[in-house]
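The next part holds the structures, each set out as structure tokens.
Consider the two complexes below, in which chain A is the common component and chain B and chain C are the respective partners.
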Partner chain A sequence: MSAGGSGAAAEAVPQNKIIAFGVAGGLIGIYAAYFLVDMVGQYMSFIGALGAICGMIWGAAAVRRVASYGLGTGVPSIGMLALGMGVIATTFGLAVGGIAGPIIALISAAIIGLLIGSLANKVLNMGIPIMEISMTEIATAGTITIIGLTIAMTGTFDFPIVLKQVISTGYIAVIFIAGGLAILHPFNANLGPDEKQDRTLIVALEKGALAMVVAGIVATINEGASGSLTILIGLALWYIGFSGYYERVKRDAYVVLGTGQLPTKEELE
Partner chain B sequence: MEPLTGMGVLALMGAAATIAGASEDLESDVGSQSNPNSQVQLAPQMMYPHRIYSKAISGEPPSNALMCAIGGTTASVLITAGASAVLALVIGAIVAAAIHGTYSVTAYFGRSASQKRFKQPVYLDLIASHTPVIMGYSFITTFCILVVSYLMVAVLAHPFSLPLLAFIWGITVGAIGSSTGDVHYGAEREFQNVEYGAGLNAANSGNIVRKAESGLRNGIDNSWFCAKFGGPVTGLAFGMTVFLSGWITALFDPTKGDAIGWVSVITGVIIVLILILWNRNIEVAARAAFGTYKEDEVEAEVAA
Partner chain C sequence: MIDIVGILMANIIYVIAITLGGALISWSVHFVPVGGAPAAMAQATGIGTGTVQLAAGAGLTGLVTAGAMMQVTDNMGLILASGAVGAMIMMSVTMIVGAWVYTYGVGCPPASAKVKYDPITKDRQDLYVSQGTEGHGLPTVSFVSGVIGGALGGIGGALIYYSLMSIENGLPLVDLVGMASVFAVGIFFVNAVIPSYNIGGTIEGFHDPKFKRFPKAVLASLIATFFCSIIAVLSIGGL
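Here is the complex of A and B:
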């Protein structure tokens, strides 16, 4: 059963623009946070989470696009795959890259994604026309998400600090799952024939804001980053996201009722 | 550590895990998450609009991993900051339950709104009545998983950190809830209008029971039904998993030498073998008692 239909999804905003938004927003967020924490102060670490949110919105858009080819129960798997590829690329990129770490991570994520996408189409014969490009997008978006949230937690992407404060403390687990669900949940939540792009993507903003709040909670115990501003901005973004989503639900739903009976037989015909 | 202390801690972990398993299954049933959700999702498309909460966050393992990882992270931060462990675990579970609540609401809104052409309404009173129940269950699940993880870190000196253990146990409890408890809801409760044990005929797809003993059926009615068998049996399954997997190394401590370590491995294999044989016997006994599936009368006539 493919409740998501089985063909290309209708897009109000073309995917190319979302890719540009995700890559540019993500990298600007990551590097701005990195430099501003040094220059202005640790409370600028929240910008990293804003970059991560750009990545999550892009990731959700890419999941929506590829999952529209009838990937009903595969939606959660593809989100987990995104962050799985992202974790490998991030640790590799940050470990070898130094200041260019995030860019190397992004490039390696794109290569891993392309490889997995071609395997899915060529070896597993999934036959989804946009599989290769979507896997590349998803892996890269997952990487931006991980690096952005890492900076929001620690204030830097310097690998020894990341290793000490994020990976060996186990907070990487919450980055993995909160980032992964922010990417997979929007389309999964809105799955159905009358799904709309803007309604799906605003859920990514809302869930990304929640991941930002969690990153802020972790930042409170790290010296390099500041938690309170991250939590406050995260809650504000969550409110914007949630109320925007509710507006779109009211716009798109058949009817929003306080309570009531089921539609009658005449109504259904 | 004294073997007796180890056993005591293990018993506590097993008890917490049993509660976590039961509440996890009931939490997923209130919102028809996971496998039974496909029928809830399909129903409006087959002209059966309903008043059942559709909590399609993701599969149960990722969504439980999320709430347990958030709970574990918050608790670990608070413990690092100097808070007492009990307070930290409670606050962690509260934060996790709150975030889980937002996920439930976006899922119900989105899935219902995307069924516009099939005229599935969005009922706000369902959100108001079901979401607190879901959050309550998710609080219990997260708290119990955090207790299990915290005992492993603090008492059993497990090398993994609290957030990571909570994440792993979250996936595990979700996976066990999904495989054990869902059958009771998806195959039985949703299809009480067909003969018991009939299986799901393709013609019945989406024709889930939408009317209750009085009024229209909702997710809370479903969790009431599942609390009788599906929830407790999930709890037992998860409790046994946690208890037995720890019991073999508590009894035969591998730190005391390689030979004892191998004995614990062999004990584990024996337990798995016993469970396989036991399950096989249950299946054979059930088939002997109830026979093969009866052929539908109409189908039988056509065949004749």
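Here is the complex of A and C:
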């Protein structure tokens, strides 16, 4: 029961497990893609997008938890905030960190998130008890999303290459919107009195798969990464996500009826 | 490892300018008549979309116009003015087309539910507010307020972009533009969301009682932007 403003949301999977899934899955995906692209071949860059999807599912779960308390404004704002904090932390982490870049990015994202969460509760008096922890989670999840999709596009997180192929070309804007959509849209689309955790999170998988396909298309023009496998796996994941969502909609609906075709003009007369 | 203290001290003026720009954006959001989803159904005064979308639209237009001006001059005043004018045009166009849609499409008169008389035109408002709504359309005072908000947001965005572009670094211009844009957009979104939580998602303009809450959002934005600006200066200055 979580009707956007009613208090804490019910969870089938506890948030701590989702946090572990997001951080571990995200970091493993990012580093596995980084090393395997060197060792095995460019086509391993798709693992970065899988890491990004772990981050997106985590982000969507955190948005679901905090937005259940009622933010007073639309759910999309928090997704944009996540990617706004994430893009600052990512650029900083990758620019100064070298091989430890993603970890520095995650830590700085967590600090920015904690700071903004505390400001929201202490200065703006929002009074949401989980604001600090949720903002930390959302900023970190946004960072994993950005780094993961960046690797899927370029095959590396070495800053000079990322700067040349993702930031200067403007594909960072694609990451910003596609990743933000995967974090903000699931709860925005499902909120209401009958909202269920698994139905919300499978939308995150579906949106993440779409972002993966887009990253694959970008990867086809970069020599460091290969796009075809990313696109194929992305399409397969999208099918799993979409059909899984449809299953859950049918499960949660009271009844699903076909309306038939709209009547033609002659039939109406 | 980069020289953290050295870079910060060399660019301390830009850290302060970016922080001020963030606070300006935060303040500007309180001027913009945001109605959210109720306004989209003509059940509240203002433009029918969220704070973040509007602030981002106005601010990013300001960034683009400021960036265009930076190609021809280094004069900070001109660049800030260009950003302000760009954002003002963007806000005005959005509001005038919105007002046409509300007036001729939905068929409701522009009316504010927060004040009895429009502070600028002195027109009676409460008679024209439909029952069960919190006003609709864009009365004159909201329009003027929105243009002021656009100007402040544009100046804030341009100030951030100008400061980021002025940091000493070893990057080629095309990469510097990319880095500066990414940081400017990130800082912009953070500073658009903080005030939107402060006003609870909707506001009519400077005549709205919620406008008095702005010092809290400006304070929160000052702290948050200061941290973000340090990160931004360190990453651009360290390259």
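Assorted remarks:
One rule holds for everything that comes next: the second predicted complex is superposed on the first by the 253 of 269 C-alpha atoms of A that agree within 3 Å, B and C clash if a C-alpha of one lies under 4 Å from a C-alpha of the other, contacts with A are read in each partner's own complex, and residues count from 1 in each chain.
Following the convention adopted for this analysis, a residue touches a chain if its C-beta (ideal position, glycine included) is under 8 Å from a C-beta of that chain, and two chains touch if they have at least 3 such contacts.
The shown structure was predicted, so the numbers you read here are calculated from the model rather than taken from an experiment.
With both complexes brought onto chain A, simultaneous placement of chain B and chain C is prevented by a clash. Residue contacts after overlaying the shared chain place A:Gly97 against neither chain B nor chain C. Comparing chain B with chain C, more residues of chain A are touched by B. In the superposed model, A:Gly224 lies in contact with neither chain B nor chain C.
When both complexes are overlaid on chain A, the residue A:Gly244 reaches neither chain B nor chain C. With both structures placed on the common chain, the touch criterion links A:Tyr171 to chain B but leaves chain C unconnected.
Legend: residue contacts after superposition of the two complexes on their common chain; A:Pro76 is shown touching both chain B and chain C.
By the touch criterion stated above, A:Leu119 is placed in contact with chain C alone, chain B being left untouched.
When both complexes are overlaid on chain A, the residue A:Asn190 reaches chain B alone and has no touch with chain C. Common to the chain B and chain C interfaces on chain A are residues 72-73, 76, 80, 168-170, 172, 176. Against chain A, the residues of chain B that register as touching in their complex are 38, 41-42, 45, 47, 49-51, 56-59, 62-63, 65-66, 69-70, 72-74, 76-77, 80-81, 95, 99, 102-103, 106-107, 109-125, 160-167, 210, 216. Residues 2, 36-37, 50-53, 56, 174-175, 177-179, 182-183, 185-190, 192-194, 196-198, 200-202, 216-217, 219-220, 223-224, 227-228, 231-232, 234-235, 238-239 of chain C are the ones that touch chain A when the two sit in their complex. By the touch criterion stated above, chain A contacts chain B in their complex at residues 1, 3, 72-73, 75-76, 79-80, 168-174, 176-178, 180-181, 184-186, 188-195, 199-200, 203, 206-207, 210, 214, 217-218, 220-221, 238, 242, 245-246, 248-249, 252-263, 267-268. Residues of chain A touching chain C in their complex: 71-74, 76-78, 80-81, 83-89, 91-92, 95-96, 108, 111-112, 115-116, 119-120, 123-126, 159, 163-164, 167-170, 172, 176.
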